[in-house]
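Please go over the structures that come below.
Across the two complexes that follow, chain A remains constant while its partner is chain B and subsequently chain C.
Take a look at the complex of A and B:
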């Protein structure tokens, strides 16, 4: 098994853990951590794929774009955390399950 | 100044106003003075920006049409205006200006957070306009995420149990959508960068350049390209409520604070529909065909048909007014996708001189979002009287003729009744589908067109049921509604409803942009 395979298997394991965390939705903290794990496993996979480019400067530009996307992802996560704080402070909703009042 | 500079000035002015409103709010402590200062400045700046964008539109129509106007130098191709982007931009600013009057009429100026609400409102409008200006994937992501963040900020205002739940549902879907968009754009870059032998730069992600580069992608990289397409469409689809990512949308329509929801529909949803149409056009040149339809078209057809069926049939069985509108919005997302099929089948990106292809989808986006926003605003006013379900609104036209009449007209447009804008919009859906048959003769398209026509009958059924409850049935309750509505709250909605009537009888007004 070479290093590339280990890297790929780790990414697959991280993606699985992230997806499980999101679907189980136990607490807000676990939800945020799961989202972060999922997003960084995807971004790591992208940075691996970018290495397949034939022109070296394209790989460098690609890595710069990945860094930019990481920053963007962090700011999106910031808005999400702010929303959780707002809901927690006003409604005292400790867990995601509390918010299931709207019915069709 | 060219149209792009005028529009960019308008957008910059709104961003600056968001900061100034916040400063004024903190400086003026007296509630009465604060109310007057904030109202005057807030509406004044939006009106100034509206005039700038109107001037940009007029200049474009008379001197630049149909080419795309883009800046030179450092910003080369990162921003651009053409008929499609200007018409949506004009609709966003005009409808936001109108709905801002409704927002101000409904706002409680004694609350400290109201100042923040006004600032976030301005950021949302400016971001939605910036999205229509974007002509590069990276620029688009930045403005789109700002737009989504601002929409979440609006929903956080005046929170109660239901609106808190709506906020969290939207926040969850937004983070999934943001992640999907980031991965989609990353995969798009990977497929392009692996396919070309020359150095790329940031301008290679400009829409027109990307469209050309995509046509050179060969197997096996096409799989990555198609994956990027699926991620990007899923991302924007989540935000506009495309099935199977639609579950959150009816809940947000049901739980949210009404002024925030109306604003979100006229900004985030309108610009989201624009983005989906723009991006789908870029993928028109993917060189892979399956039985005369390319794979993106088939993906799109499945998503669109599912959305329309789920939206229309679910709306049919709802009793709560806001949920009916919510499911109608899901169906509208499906219709928008069906209209975008036009670009994929013809292999045309609606940019610059080809932007006339975008006329049907532009009309649909404007008509459906104005109908949705005005219906939501009117239902919000109705709910203040404690009327929430179909049974509650029996005979409302007799009790409150102006409110009931406006609600009836707005809903009639939403369900596609002539002579209102909604009818022309739905007519465009069917004609666009049949016009696809000139290029590709395929049974799937004929089947979808027939299905859509049948579902128009379903939407008319639940639309007419609401009208029956409003106008024909008599009220069960002996309690009389308040005869006088607040004129300041009703007037902006009445203007929106009259726009629907105007576009219905004179749809050619919009063709001036193309």
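Take a look at the complex of A and C:
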């Protein structure tokens, strides 16, 4: 096992930590932290997986996917923060739990 | 040399996972932001060690940009009362097992498949976007407080 394998399992564990945060945290800021941990670890995990390929065309495809994911991360983050702010203004929702009010 | 790489990889991995968990579990917001920035730096170092320079720079830039956003968001976040969620822990462990068993690959250092430096302008645009978002949010919050 080389040290890149250790990093591979570390990144899987970090992705798990991000998922745990998204599932369990109840404040907006902690949710953003969890989302960031998840997206950063996933990007790094994907790039390590690209390093395991021996086919150049797969590597190019992987790089394109990483660029796409960076753009997607920015867009999701922008929409998420805008939604948080809109919800906070309309419902005075200090916690995500308050959103249950709009469930009907 | 190989042994040193592996030992440093284990130490870095353990510290990074502990810091990531601490940033989620600590109740004080300053400590949480500080732990998250430390996590970003450590993850960048891990990627540098793995030979992925461009992604290390990307994650460093993104992480530092997000700290501004977090600082704005912590102003209207309440403290959490509940400490652990056992269902979330169980789902996370299951996810870890599935992913760890599914990804049985061995990454190798390959110079030819390192990320292309063409991504660098994208990184700066992304950083500027997050900065603008954070400043916009701060201005709107200040206007709200004034009203």
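Assume the second predicted complex is superposed on the first by the 91 of 104 C-alpha atoms of A that agree within 3 Å, B and C clash if a C-alpha of one lies under 4 Å from a C-alpha of the other, contacts with A are read in each partner's own complex, and residues count from 1 in each chain.
Following the convention adopted for this analysis, a residue touches a chain if its C-beta (ideal position, glycine included) is under 8 Å from a C-beta of that chain, and two chains touch if they have at least 3 such contacts.
The shown structure was predicted, so the numbers you read here are calculated from the model rather than taken from an experiment.
Upon superposition of the two complexes on chain A, no clash is found between chain B and chain C, which fit side by side. Judged by the touch definition given at the top, the superposed model places A:12 against chain C, while chain B stays out of reach. Counted by residues of chain A touched, the larger count belongs to C, out of chain B and chain C. Using the contact criterion defined above for the overlaid structures, shared-chain residue A:84 touches chain B and also reaches chain C.
Contacts of A:23 after superposition: chain C is touched, whereas chain B is not reached. With both structures placed on the common chain, the touch criterion links A:68 to chain B but leaves chain C unconnected.
Of the two partner chains, chain C is the only one that A:4 touches; chain B does not reach it. Legend: residue contacts after superposition of the two complexes on their common chain; A:76 is shown touching chain B, with no touch to chain C.
Within the superposed three-chain model, A:44 lies in touch with chain C and out of touch with chain B [touch as defined at top].
In the superposition on chain A, contact is made by A:57 with chain B only, not with chain C. Here the smallest spacing between CA atoms of chain B and those of chain C, following superposition, is 8 Å. Counting contacts as defined above, chain A residues 43, 49-50, 52-53, 59, 62, 66, 73, 77, 84 meet chain B in one complex and chain C in the other. For chain C in complex with chain A, the touching residues are 2, 5-6, 8-10, 12-13, 16-17, 20-21, 23-24, 29, 32, 36, 39-40, 43, 46-47, 49-52, 55, 58-59, 62-63, 66, 69-70, 73-74, 76-80, 82, 84-85, 87-89, 91-93, 95-96, 99-100, 103, 105-110, 112-113, 115-116, 119, 122-123, 126, 129-130, 133, 137, 140, 144.
Residues of chain A that touch chain B in their complex: 31, 35, 38-39, 42-43, 46, 49-50, 52-55, 57-59, 61-62, 65-66, 68-69, 72-73, 75-77, 79-80, 83-84, 86-87, 90-91, 93, 96, 99-102, 104.
Residues of chain A touching chain C in their complex: 1-10, 12-21, 23-30, 32-34, 36-37, 40-41, 43-44, 47-53, 56, 59, 62-63, 66-67, 70-71, 73-74, 77-78, 81, 84-85, 88-89, 94-95.
Across the interface of their complex, chain A is touched by residues 138, 141-142, 145, 148-149, 152-153, 156, 159, 161-162, 164-169, 171-172, 174-175, 178-179, 182-183, 185-187, 189-190, 193-194, 196-202, 224, 250-251, 254-255, 314, 318, 320, 323 of chain B.
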